[in-house]
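In what follows, subunit A forms one complex with subunit B and a second complex with subunit C.
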Partner chain A sequence: MAAAAPPSLSFPRPVFAKLSPHPYLLRTLAPQVSPDTPTPKPSRTNGRAPHEARPVYIHTSSLSHAHGSALVRVGDTTVICGVRGEILPVTSIPQYRPRADFGEDDDEETRRAGRGELKDYDLLVPNIELATGCAPQFLPGVPPSTLAQTISTRVYSLLHSCAVVDAKNLRIWASPVVTKPTGCDDDADKMEEDDEEEEEKPELVAYWVLYVDILVVSFDGNPFDAAWMAVLAALRDTKLPVVTWDSDRGVAFCSRNAEKRKLQIKGLPVACTAAVFLEKEHGSETSGEENNRHWILLDPDRSEETLCGETITMVVDCEGGETRLRSLEKQGGTVIGRELIRGFAGVAEKRWREVKGAMSK
Partner chain B sequence: MAASTEPEAALSVLPRADGSATYAHAGYTVMGSVNGPIEASRRDEHPYEAHVDVIVRPAAGVGGTRERHLESILQSSLSQLILVKNFPRQLIQIVLQIEATPENDYVNTKLVQASLNFPVVPALLQTAILALLSAAVPMRETAASTVVAVVPQGAKRLLVDPVPRDLEAAHSVHVLAFTSQDELLLAESEGDFTVKEWDEVYEAAKEICCRPRTLDEENDVGPDLRHFLRTTLEEKVAEDLYWK
Partner chain C sequence: MTDRRRINGPVGATIPLVFEDVEDYEQVATKAARSRAPNAVRKMYLKTGVTPSASGSAYLEIETSGKGGVSGLKLSCTVYGPRSLPRSSPFSPHIILSTHVKYAPFATKQRRGYLRDPAERDLGSHLEAALRGAIIADRWPKSGVDIIVSIIEGDQDRETSKTQGDEAWDIMNALSGCITVASAALADAGIDCVDTVAGGVAALVRDTADSSPSIVVDPIPSEHEKILASCCVAYLPTRNEVTNLWYKGDLPASDMELYTKLVEKGIQASTNANRVLLECLGETVN
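Our next item is the complex of A and B:
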């Protein structure tokens, strides 16, 4: 005891980061000028520049029992998504309204009607599980947390508003002569349930319901971007088997060796999230807020998320050459105004190119 | 066309709550109550600031994932407005009950819907702010919020306070909220739009939420929400001080 070294008055970096995370991040973002670093480079505690996102790794078809799956790794955030299709016969849909015509032409009206079908019959069912022990704040075996429910709502809204899946691909047709699982004739009329021999037109008998299950394996901030990327990659990977309709028994079946068809996915919307870090915590003092500096941290990690209040998520799609915004969510603060949102579109475009590169690998 | 009816509100309608308000606009009626600052449960206790707890109850059925999402949006926005640092270890509880939603026979209305319901957000936010003012909770600033839809055709491409039928046809729907210092507090959009379109929406929404007080009746785009908030409170104060 007596021989112990005199107590040191300085802490190593990890201890400082743990004890007072806010000043620690502030100091790395606004480093002081010293003789050996005349022009210090601002960086975050994780070594990234403020506008630098983590690289993305995507691996598809790793789950053997799902129709489509993807594992997405963004830094230490790892998300796995599996898409499983189940057949829903129209006879078991409550309040099923047969439609007179399914327009083959790809106009606006047809697409909107298809979107209504997806929504009315709940053909896309996303669910996210955070309570996997992926981070200390999520305890396993408890009901879904607010974050899990929020992300699941956001994924559901985005799936429908972006219309990545066309209802056309999920319809299952039956005709007495030949089975046409996905295609349909121009004048495809909905017929009655009788199996007359002279009946020629195909009949809509069932739908595919896609269960999109998202599992966060490891959580290190920015769960929505990773989850959405996993959903998109898994849907792009999805192959549904060709269904045969047995009109005698009134059941749909697909054999193990049946031919599989790839699901058509429209567009490539990519989410890009950033958080705002303030020099002074908001509301600590009412005066002098005009010189409160801020940094916009792209793709925040877990420790940064706890220090930032305001977040922005922009979903962009540059597939058609022109940048289209598919969703914008900004909440929790007043720093991001009109100019910053305009500028953020450019950042999101850059992220889109990065993710597209990772998807096509 | 947009329902350009004026919003209606009443303050302190519930006798037992610290503050309460009802607000009706564009087919939505919301009642809100505020209790606080009260003791926080140990789980929610924050050593430096008050915890703002928002509970949204739908018009029918029990709340689901959509209500949790609405609650998280409102919670992060209202924490910015309330001076939470003044009440460490306390709780401010805001309960918002949706009483009426616009009916439409053409739109399929399911009881449980998971997607975010945009037009209800301004009504909820406005009610919460009125109830907070009624409860005299110290706030940094107030806020006003509106919904704008971009519809494909017609004379007016921007539609303020769209009805459900318009929402189905809309290319994109936007919710924006501005603080009383003209800062953008909340922006939620979905659909298919460009930055330029969003700019137009921003202009229109800002006109409604923070118009300077001019009596310019010609280019009336919608209700003047800041003025509305002020007159509602003025009326209430005048009524309360009538005995003097």
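Our next item is the complex of A and C:
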């Protein structure tokens, strides 16, 4: 029997990355210094610097059945979002409380009341579908995973807390029926009729309900940032048809020819997520002085997400010059403290400008 | 019963939009007749490797008919496997296919729910039948492969206000697209097949109320006055075999020739799709 060649002891990089991902990422982030070779620049396994996010690509209005749609690609994560409006007559809202005053002026109180309407009548319905075979762990035919439920809930609460959509845009009004005097077709009478109509106060008859459906086509980490970006881009793209209310039948008709109304979106909150990678592998016994370094990896991909326990998500809005913090979430771990969070705001600002550039393209 | 794992929206039922009929609009709509030759298929775009984490994946897009509100078909398919079956499953001497076809909620004129409905399950079983004939199944005993197709956009006219029972005919186009895209994804995953299988649709249509019916390939239901019968074929060109045949409609049973002609036209559409498929796979290899 011919002797087989002795097996080589060096594996190519992908094999190491698969066999022991934690030491592999550690070695690329903290390259060992040797005197004869120049120190390589610390980078992640995917070639990015720790504070480097993946470029964003956004394409809007590619779907014809949705009223607004967006496709967002962040690296290998691809998300499609479609917004569809349906009509909810006030008669089918169980606990409908008619409001006497709808202030036209944009003061704080009317806006808060509008927010109440959005929440009380559930006018925004975001849902994410992860079980599309977008990654090996998300196969269809099962109920939504914890991650899918978490993302749906986070998008839902962020939509309400940021007040991106104003309830004013979702109200459908009807002018009250004017009893038509029989047998007069004169212009003068018509004019009179119009005058009467203007005097009468229009009545709130229905609301638009926006179904925001998010479909993940390809999953490679950081689903929340991509999903939120897709939701925002799709909402900014949304155009709702003009509706006329038929009070006799209680049905709303959409006009085909009239110009569609663009949904007004307030602000541009952008989510920015980072994960904390610890030098000490979870569960390992060794503890020393030099063994507690950490790296903050912006926009983690799928392999990095599995290695990191602590994540931070910051939602900032720099529209109008100053940076406003919209939401801050931090889970697991004890590394990120006050100073790091303050520093992270700068990173999030930079990300905001990148996303803003991609949105306006 | 409400789905407690999703956000369900308002308790009261919401009404999908109803468009008012504009008289001159209807005339415009009926005038948008088929501009292609009866035996010409629409252009399609196929690309493999859209989902890098899957074993194989493909994306298929069929162009719109040039008219405004008609959407083209957009499909994305991922393949996972071959992988070992779970321990609890009984011994199988060949690979077990499991297919899932799901419409996205925004894919059609009416909003779709998140749970698979019977029509989607039916599409899944037809797709499985079409692929089973192409895969060399006994090369992988005790293993399984998952084929998942998401219909991102269905082939439906958005503008026609009355549904003329189009749904049933649209499903044929969707199935033929599913077969083609799944075949590309299977090849991308490196699963051995005897041949690439592609889908094709042919239909017997009537353009005006009193004209005689004619056969067209790759029909768009909104372009014709009425579709009498439709047939979706999954065909292996080098073996000259049909792996799945789905026929709908009513034809006189005595007219065998018409029936054969319909299948023949379906095969013709399928070979056209197959050409695109081969070209796409060739590009990936090079």
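Observations, loosely collected:
The working rule: the second predicted complex is superposed on the first by the 319 of 361 C-alpha atoms of A that agree within 3 Å, B and C clash if a C-alpha of one lies under 4 Å from a C-alpha of the other, contacts with A are read in each partner's own complex, and residues count from 1 in each chain.
Basically, a residue touches a chain if its C-beta (ideal position, glycine included) is under 8 Å from a C-beta of that chain, and two chains touch if they have at least 3 such contacts.
Given the structure is predicted, the values throughout are model-derived calculations rather than measurements.
Applying the stated contact rule after C-alpha superposition, one finds that A:Tyr156 touches each of subunit B and subunit C.
By the touch criterion defined above, A:Ile80 lies against subunit C but remains apart from subunit B after alignment on the C-alpha atoms of chain A. Of the two partner chains placed around the shared chain by superposition, subunit B is the only one that A:Arg324 touches, whereas subunit C remains out of contact. Using the contact criterion defined above for the overlaid structures, shared-chain residue A:Gly337 touches subunit B, although it does not reach subunit C.
Contacts of A:Pro143 after superposition: subunit C is touched, whereas subunit B is not reached. Touch criterion not met for A:Ser360: it reaches neither subunit B nor subunit C. Legend: residue contacts after superposition of the two complexes on their common chain; A:Ser64 is shown touching subunit C, with no touch to subunit B. By the touch criterion stated above, A:Gln32 is placed in contact with neither subunit B nor subunit C.
Overlap of the subunit B and subunit C interfaces on subunit A: residues 149, 152-153, 156.
Those residues of subunit B that touch subunit A in the shared complex are 49, 64-66, 68-69, 71-73, 76-77, 79-80, 83-85, 108, 110, 114-116, 140, 152, 168-169, 174, 179, 181, 183-195, 198-199, 202. Chain contact summary for the complex, subunit A toward subunit C: residues 63-66, 69, 76, 78, 80, 82, 84-89, 92-94, 121-123, 125-127, 129, 132-136, 139-141, 143-144, 148-149, 152-153, 156, 209, 211, 213, 215, 217-220, 241, 244, 251-257, 302.
Those residues of subunit A that touch subunit B in the complex are listed here as 108, 112, 116, 119-120, 146-147, 149-150, 152-154, 156-158, 160-161, 282-284, 286, 309, 322-334, 336-338, 341-342, 345.
On the subunit C side of its complex with subunit A, the touching residues are 5-20, 22, 25, 50-54, 57, 69-71, 76, 78, 80, 100, 102, 104-109, 111, 114, 116, 146, 148, 150, 152-154, 156, 158-159.
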